[in-house]
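The structure follows.
As written, the chains take the letters A, B and C, and residue 1 is the first residue of each chain.
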Amino acid sequence: MHTSVPEPLLAVAALQSGYGKIRVLHGIDFQVEAGEVVALLGPNGAGKSTMLRALSGLLPVDAGYVRFGGRDITNISPREAARAGLVHVIEGHRVFTQISVTDNLLLAGYDLSRGERTARIEEALSFFPEIAAKRHEYGGALSGGQQQMLTVAQGLVRRPRLLMLDEPSAGLSPVLVDRVLDVIRQLRKQGTAVLLVEQLLEKALATADRVYGLVQGHIVLEAPTSESDLPRRLEQAYFGHQALTP
Amino acid sequence: MTSVTVTPPRSEPSAFRAVLPQLVPFLCVFAVAMILPFVSNDYWALIGTRAAIYWVLVSGLNLVVGFAGHLAIGYVALLTLGAYTTSVLVAGNVMPAVPVFAALPIAAVVGAVFGVVVGLPALRLRTFYFAMSTLGFATIVTQIALAWQSVTGGGIGIAGPEFPAPFNTAWGYYYLCIGLAAVSTWISANIAHSRFGRALVALRDAEVAAEATGISKPRMLIAIFLLAGALAAIAGGLFASLQTYITPDAFTFDLSVLFFIAILIGGRGSILGPLLGTIILTILPELAAPLAAWSTFLYAVLLLVIVLVIPGGIAALLDFRNRRPLPSNRAILPRPAALGDIVRKRAGGKTLSLRGIALSFGNVRAIDGLDLDVAPGRIHGLIGPNGSGKTTTLNVISGYYAAKGGTMTLGDDALPPGMPALRAARGIARTFQTPRVIGEASVLQNVMIGGTIEGEASFVEALLSLPRHHRDERMLAAKARGLLGVVGLETLADVRADRLQHSELRFIEIARALMLDPDFLLLDEPAAGLSADEIDRLAALIKAICARGTGVLLVEHHADLIFAICDQITVLNLGRILAAGTAAEIRSHKEVVSAYLGA
Amino acid sequence: MLGSILASGLAAGAIYALVGVTYNTMFSTSRVMSFTSGQLAMLGGVFGSMFMLKLGLPVIAGFVLTLVGCAIIGIITEFVAVRPVLKNLDQHLYVLSTLALALMIQQVAAIKWGTEPQPFPKLIGWGSGVWDEKFWLPVVACAATVIGLEYLYRRTLVGRAFLAIAEDNFAARALGLPERNLRIASYALAGVIGGIAGFSGGELLLAFFANGALLNFYGFVPVAIGGLGNNRGAIIGGIALGLFQQAANFLVGGIFSSVAVFTLFIVVLLAAPRGLFGSATARRV
């Protein structure tokens, strides 16, 4: 169904990566179209975070390539990736606790001009009125959910073409999870593509257009969320009875 | 290699043949030292004597820096201490004069005591902090030598001890120092190649794993600091005599730098390398006058080059054996059947029980009221999402964390919280999520580490290479080889562990854990990073271990492995038990499936 | 006597505190404790004396050139001794690489500058006795540096980027901060702070190559007391150390003061390995 599109926004082929001697990803083929929301699902230790890190340059790519917006970005620095519009919001709501909310956002726009920075911050905060009200407080004074929103807002400051979110719902109350997912839907309306790593299957299926299943460093499943028996197929893939290839 | 118990002890000649290639370079250095007097003049006698004295100190310091990995950069302080102690005792300006051959051992005792005093901070401080504390000690020893005029003569100094005939000529003294240097080499080599030497390296590169095998860090370090301090003080006495007159100026920090850098240039974990390093650094400034002025600069440049370019030092350059390529298509083929010949069969009976275990980090409850029973001869699976407390549970059992509530019992005995180094003696062995293996040691040595507490010979017996020490070594080596056969890695026994693949390291850890004949084996994600074939072999191996009567607690993400081999499974979520039961029960458990799928 | 103790104690303490801040500034962006910290302060004195006495430059020019020189040495530290070993920080190779570089700096200073202490010129000429400038200058320099750093960290984006990298290097990289450039900048800044320490303390310590090793130790003690990377701890620790040392010096004599400092150092480290103001220990397993 994607053959009519000349080149997807993000195209990954035969990607291998890992930590030192430990190979985590064993040849990943993966695509994200412009404006599409894709969920990356998989059990713990499957290599979901590793994959995001390899894409954004936080981990070295050992083999294969990553193309973004028609350009080879294999092994580029996280800074370059962010400039190109590939923004990675890492897991664990790691905001900087010693500086204010505004400062956290200012840092996300480090490379921008001063005026541009201020404008972008307001734009990012407009998605999250609850932290806009706390903009002068220290990052450490926010609740876990607010910190998570702040990291997403940090990602938005860059006006990404593809926003990669690593478990944005971890540790959040259901209400807050819906808030974050709402923002993802808003972004899609604006034409921003989102790659979402998510533990909550139902929520992921409700938000995404397409899912990939990652198990033990292999993509074992790729399907549009419109397919009917996805939960059952995922379960089978997770528990490893037969590896289901798309 | 069929069985350990029936393998006859290797006969002495063959054992000798095995160590001969390692011995040759030392014999060459010794031979050159012996003929030096016949081919040169008194000037070279001085340099040769100095090199020999430096080596007496460096051979001991090498165990601290090269083996234990503690960056003691101020060892000139102990040289100073030895020099003044010997000189003062022989001169008799404080108490009746003592003959020099009695003064030297007394200095050694003083040096040993201060060696421990300087070294003790290493028990709590690492790297930069410890380096700073030895540096600080070096500064104050010099200042005390300057200030304590009634004893040390202050800035004016004191005469060094004179040795009686035949050691009162340049060459006579040279041979005395060469003799002592040879003895120091022998002693330090004995320790290095004993279970104590391996334990030091294990504490350096895999401290947590070393504790799990029962190695006591304080005892090891104190022994080594005693020895290094004694050797340094003896070197000091010899140095004082060579100088004939000593002032605090003679003991510049540059000397410390020389000792320290000789070891690093030589290479960590080697004896030949630092020996060559000491000789080279002693001779280098003598080759040309500009070199003498710039010697410290030169040493520093050498150090930087070594650190940045060849971190292994001379020893790595000379290590031809480990440059041979390994076969790339090698496979791990465990032979679990051979277990019966090596590991004692367990009578069973004792159960490892956890009741109401609770532990928090800050305000996060890592484990919250955990009950768990690991029965002998059974495989107990522990699964759950990330952060559910699986590894934390293992760490509580093996004593790295002390639980804030609840009890642990082993049979009828309580298992005290904390104290990881005491677990091995209780028959609990474990592996780690990230393999904790000594990269610079051979695969065989890594496995032998696991049996450290099984050795019987004392530190002194090992130091003097007495029979009991040899018996230990043979026993540990044979058992380790047998276990490498069991896990399918015997062909790699002599290869440096850091050349192995990740999956091979996982099996090394299992072999190391089995060295203890454990009652309980805790496996932390042993299948992570293994191929499907390797996981199948791992499963067979775990089953075989269990069939010998060992209780296995298996933390794993591979659901298929867990369901295939576990008798009992406990599922954790957020530090609490979500479900417990047999594989079939867990597989059909609604909440477990949803915890995994998040549905 | 109390006046002398206070004057010399505060002066020495201010210098130790600045060297401690030098350590921290390098540590914050790289997690590396560098043996070049004390050497930078030594060079502050040597460069100052060289530019003003040997080359006869005016005070302002000498001061600026000294800071530039020290900043360059700081940057060299980053390139030569820190960057190559950052990949394997857990092997602690930085202890050896920075020690090597420190020894090289010290040896070059000893040979090119001389092994005897050489005078440092009077900079302003205000005050005498316990109010001599050699006592108040380091204190003023320390206060100015603290205010300057506070402005940097609280009011500028670069300063906040430093704080961010110090707190969570990984998150800072993921955010796209130019981590490498910021690290180089922090080493240059550390060079400047070390240079200020040596320059302002020049009249007290003179231009002497062996000051490097001494300040390495005395500058590290406040860091050890205050906790790694904690500038407030380093300042308080430094001033306390200076007063303690000078009090011991005047009351029981010089030798015992260094024994006392060493004992204090060991006791504090053994009792609180993370420093009195330090944070909790990291997990081992």
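Annotations for the structure displayed:
Simple rule for what comes next: a contact is a pair of C-beta atoms (placed from the backbone, for glycine too) under 8 Å apart; a residue touches a chain by one contact, two chains touch by 3 or more.
All values derive from a computational prediction rather than experimental measurement.
More C-beta pairs in contact connect the chains of B-C than those of the other pair, out of A-B and B-C.
With centres taken as mean C-alpha coordinates, the chain found closest to the middle of all protein C-alpha atoms is B. Chain centres here are Cα means. That of chain A falls 43 Å from that of chain B. Here the CA centre of chain B is 35 Å from the CA centre of chain C. Touching two or more other chains at once is no residue of chain A. Residue numbers of chain B whose C-beta contacts span two or more other chains: none are found. Listing the residues of chain A that touch chain B in their complex gives 21-24, 43-45, 198-202, 204, 216, 231, 234-235, 238-241.
Chain contact summary for the complex, chain B toward chain A: residues 385-386, 434, 501-502, 505, 525, 528-529, 557-560, 563, 587, 593, 596-599. Interface of chain B with chain C (complex): residues 71, 73, 121, 124-129, 131-133, 135-137, 139-140, 143-144, 146-147, 207-208, 253, 257, 264, 293-294, 296-297, 299-301, 303-304, 307-308, 311, 361, 391, 395, 400-401, 432. Looking at the complex, you find that chain C touches chain A at residues 157, 160-161, 163-164, 167-168, 170-179.
If you check the complex, the residues on chain A that touch chain C are 56, 58, 78-79, 81-83, 87-90, 94-99, 103, 106-108, 110-111, 154, 158.
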